[in-house]
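Next up, some structures in structure tokens.
The same subunit A turns up in both complexes below, where it pairs with subunit B and then with subunit C.
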Partner chain A sequence: MSSVEHIKEGRSRPSFPLSLLPLVFGRATPGAGSPAILALLMLPGLIIVAAFFAIPMALVAMRVADGPDGLATYFVILTNERYLASLIQTLVMSGGVTVTALILCGICGLFLVRNRFAGRNVITALLTLPLSFPGTVVGFMVIMLAGRQGVIGSVTDALWGEKIVFAYEITGLFVGYLYFSIPRVILAVMASAEKLDPQLEEAARSLGAPTWRVVKDVILPGLMPGLVSSGAICFATAMGAFGTAFTLATDIDVLPMVIYTEFTRNANIAVAAALSIALGAMTWAVLAAVRVFVGNGATSGTGGGA
Partner chain B sequence: MRRDWKFYSQLGLTIVLCLFIVVPVVMSALAGVTVNVFKGLSSGLTLRWVFEVWDLYAQSILLSLGIAMACLVVTLLAGVPLAYVLVRRPSRMMRLFEELLTLPVAIPGLALALALLITYGGVSGYRSSWLFILTGHVLFTLPFMVRSVAAVMAAMDMKMLEEGAASLGAGFWRRFFGVIVPNAKPGILAGALMVVTLSIGEFNLTWMLHTPLTKTLPVGLADAYASMRLEIGSAYTLIFFVLIMPLLIAMQALADRGKRASRRIDTAEDTL
Partner chain C sequence: MSTQIRLRNCAKTFADGTRALAPFDLTIEGGETIVLLGPSGCGKTTILRMIAGLEFSDAGGVISFDGDDVTRQSIEKRRVGMVFQSYALFPNMTVAENVAYGLKVHGVPGKERDARVDAMLEMMHIDMLADRRIDQLSGGQRQRVALARAIAVQPRVLLLDEPLTALDAKLRVRLRTEINALLRKLGITAVYVTHDQEEAMALGDRIVVMQKGEIAQIGTPREIYRKPQNPFVADFVGAANRMTGQMRDGRLHIGAHVFDAVDAFDPRHGAIIDQGAVELYFRADGLSPCDLDEAHFTGRVEAVSYLGERLRLTVSGIGPQAVTIDTHADDVIETGADVHCRVNADRLTVFPAVAAHS
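Now for the complex of A and B:
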């Protein structure tokens, strides 16, 4: 196909590297640029990804394998008691944040799509406010809420004469990740809720289905793709986030904090690299699994930050 | 619609969630302009802390804006052509490349920063310049630009547009800059806003990549939270809010316009 085209355009057969181009770019379609032009268009992006991502990642992976413990370093996350404990703590907290955010945003997102009332648009805009706050700012918001000078502390102090402060521990981190996740999940829920067909619900009700059955059999399946994909992003972000924990306290033992201390304070580069590759592989696997489960494009557009 | 206890309990929960988001923002904004936070608002309002932050951190704030602009230029130059190729010539190899391109979003910034440090940490002129931070920001934001532009390109009938332009005698570059790029403008604009917002707020990577001479806005923030009085941290946060808010509002407006446009198309198709 491509060689026919070249003859038609009055060109000789391309030399070896150029003859590979149609293989990379698929079949020629009329109107698009020639393979050489397409290659040129791709070049800047290709160079960036290769030189600053693919090659450094490969070098790090090799560096770990060349280290004192070789490939076994990758499993240190499972064999070392401290790392394993931190992995479990990180997994449990990220899972907890994800489930909490999904339940809260599921209810509120559906409510905001289904009802029209004064102030609805303002509430929606406010709920998506922290969308691009960096993790450090989210941490500061938690301090404002539950720190030594925070609202919760002042209110409980006034009510019971006892200041409740939980910003500088794992509970504070949980609150911070929830703060960060709400905008993402609520946007996803609202997008899927707008596509739900109210007639299906009407039909289920008119057939005598009780509310819980309508929710379980009609609403939840409709929202599922949005819930699953935003939940995955929520989970992945919570697993890898660093700024919030860094602002709240440096002794919260979540995995990114452990990696940071190994690298900076203990200069244990091989272990830090192995841990971060393991963490990266886990978050990537969660996102990839979800993409296979709900179809391509589900995990695009959101993410980043924290 | 009937308004029963279910309506009001859901409304209540929504309002509580909304307060959870808004109260700390308002509190920190107020603390940034209060004379003494420990005494409360009654101590009076002042802009003193804001000016003090500017004196202390103007350089990091300006550096962040500079890096965000440079990041925008690089992601535009690399991302728009890349999106075109990905949409125009989908193949298995392309999909693999797209996966590789998006990976820096999925894996933690810490891992990415470690890889960059281990590979390029020894190149001293590069390691100590702001270009090192720019590299991280480009890796992290490029996928957002490509996705945003590709989504718009996939929705338009590029084949027909290009064939039309070609039949009128337009060469490839003429078609690319005269037809493709103008038609992809909404995607480019949305991607650009996203890239600038993400770059200004990026911390995970930047904290590892920065040097004492290349501190960005969020790095300065972390520094202020850790070592300055609460009013300074709050005033700095306030400056960040003021910087980021117009970007967020523009993004929201753009998304709304896109939604309305697609709804118009839907109704037009319904009436046909």
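Now for the complex of A and C:
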């Protein structure tokens, strides 16, 4: 791994009008970027922020304030047993899906990068296939696997005379989200693993490090940027995904389902809005905490190798 | 105290059947610096990795450190220090943490560890960099950290794989001198891989010249330089000029000229070459420019390069290919001019001619 290669990689993105590059990346020489042009270039960003973030969030927040309990609605969702349980359940499940996906894909991704064997490309393609599946389809597949007529049920029925069915509950949702998350994490792990310098591992081993230490001190720090970014996407998706849950059952108490029920059936718009804000805030808080916690390792991991 | 390394009947065939190394024996004495020299793909790095325990010899090979059989031992048990061309420093650790890593793995307690790290950093003149991150260091500083890290654990052998290749020429020479001093000071057994002849000469107690997976010659720098045992070694260590001649009754004939004082001992066959066609390999000092009446040959100057202390001419019309000849730096010689020169027969290395050119 030479630093020259890194620099070359970094520079090879010419699919952008070259004259605009210095403006966009803020290296404009005085006079080159007049205020009007700079304002124009900032406009798309402002529109996106306004249309997809600031305005909807403000509207939702106002809905909470307009409700029967006013701002106390936030207090209600935290004290009401059902809402709180749903919050915690969603958080735990999403965290569980993320951790499981990271472990599974960490091992699989590393294995696929390090080993060459017949059928390797097919396996990689199959593992990344769910990228293109909508949540509803994933839900349907979970039912085929673990539903009342599912494969697992039939097999356990034949073996022990007892049908194991877990498609219509949180376990089914867990499996569905895991399936959904694997391609994203595995691709990120494979991308990071390709960049690992094998000589770093050899250096660690020459210094006497046994395998577990090499994994802890060299491989994991190297994979960390990929694990953090894909884990964040995985977590956020699991927190908010709705299609799969809706396909499996309407009474799984994950937050998106509760929001949906409060909004459509109970017309409890203030609570639905407060829960939405809480869902967003929690997801953001967890992601921010992870970034702070592993931030140092992640950044120095990407900067290395040269 | 220093470890003697013996490789017996070691060979390497890769999974796809290509032979990287033909069976060979090599003994590296305790405290000796051995340089493995050769072009890329000659197998020098494979030998280094075998000693390290990163590659295993084909069945039948035995590697021992001071008589302990380490053939099947993995690298983490062998206590070897490694220095790589790419430095291979841990990017998630500071300079001091890198140097401390091996000590930490070996369970050296905190206080002793800190003292050892400080001593290492001081020895490599990088004590002021202790808390820096790796990406804040220059190439030369990185390689110093890598050396400090490798020797901190007091390895039985230090293995250096082209450690200076990524550095610029000036720094390369300076660090080479430092490494040389370090190896003498530590008295550690060292194996150094390079493709650079000058580096090999400067560092090695002995040099192993490698060609296509075989050892072409083992010898001191002086032996390799002055007495190359075959055309490959001669060519690789800089005697790249070639002429053809005939040996008749122990005397060398080149064209119409006859030379007496020729060292025509052929080490491969252990005999003096007495008769037959020969190939003569020599450096720029094998021919010297002279006046017409003393000259053996006259050639035509194809190119002139000014090297500061001398002028190097590329001359055609003397050997089968153009030869290089050195002359005084102050001489004024134009491209296209004729140059007369005489043969310094004692500077020629004589090999039996190969029947067909391969």
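Note that in this section the second predicted complex is superposed on the first by the 226 of 306 C-alpha atoms of A that agree within 3 Å, B and C clash if a C-alpha of one lies under 4 Å from a C-alpha of the other, contacts with A are read in each partner's own complex, and residues count from 1 in each chain.
Keep this in mind: a residue touches a chain if its C-beta (ideal position, glycine included) is under 8 Å from a C-beta of that chain, and two chains touch if they have at least 3 such contacts.
The shown structure was predicted, so the numbers you read here are calculated from the model rather than taken from an experiment.
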- In the overlay, answer first, second, both or neither for which of subunit B and subunit C A:L196 touches. neither
- Message: Is A:L38 touching anything from subunit B or subunit C once the two structures are fitted on A? First, second, both or neither.
- Response: first
- Task: Scan A:R213 for contacts with subunit B and subunit C and give back first, second, both or neither.
- Result: second
- Greater subunit A contact set [subunit C / subunit B]: B
- Message: By the touch definition at the top of the document, which applies to A:I164: first (subunit B), second (subunit C), both, or neither?
- Response: neither
- Task: Please indicate which partner A:P221 is in contact with in the superposed arrangement: first for subunit B, second for subunit C, both, or neither.
- Result: second
- Task: May I ask you to decide whether A:A65 touches subunit B, subunit C, both, or neither, giving the answer as first, second, both or neither?
- Result: neither
- Message: Quick one: is A:V294 in contact with subunit B, with subunit C, with both, or with neither? Answer first, second, both or neither.
- Response: neither
- Note on the structure: Note: overlapping subunit A surface for subunit B and subunit C spans 300-301, 303-306
- Using the touch definition up top, name the residues of subunit B that touch subunit A in the complex. 1, 7, 10-11, 13-15, 17-18, 20-25, 27-28, 31, 37-38, 74, 77-79, 81-82, 84-85, 88-91, 93-94, 97, 100-112, 114-116, 118-120, 135, 138-140, 142, 144, 146-148, 151, 158-159, 162-163, 165-166, 172, 175-176, 197-198, 201-204, 207-208, 218, 221-222, 225-226, 230, 233, 237, 240, 244, 247-248, 252
- Message: Under the stated contact criterion, what part of subunit C meets subunit A in this complex?
- Response: 52, 54, 74-77, 79-82, 84, 86, 88-92, 101-102, 105-106, 133-135, 146, 149-150, 153, 155, 159, 166
- In their shared complex, at which residues does subunit A touch subunit C? 1-2, 197, 199-200, 202-210, 213, 217-218, 221, 297, 300-301, 303-306
- Interface with subunit B, subunit A side, in the complex: residues 23-26, 29-34, 37-38, 41-42, 44-46, 48-49, 52-57, 59-60, 63, 104-105, 107-108, 111-112, 114-117, 123, 125-137, 139-145, 149, 151, 179, 182-183, 236, 239-243, 246-247, 256, 259-260, 263, 269, 272-273, 276-277, 279-281, 283-284, 287, 300-301, 303-306
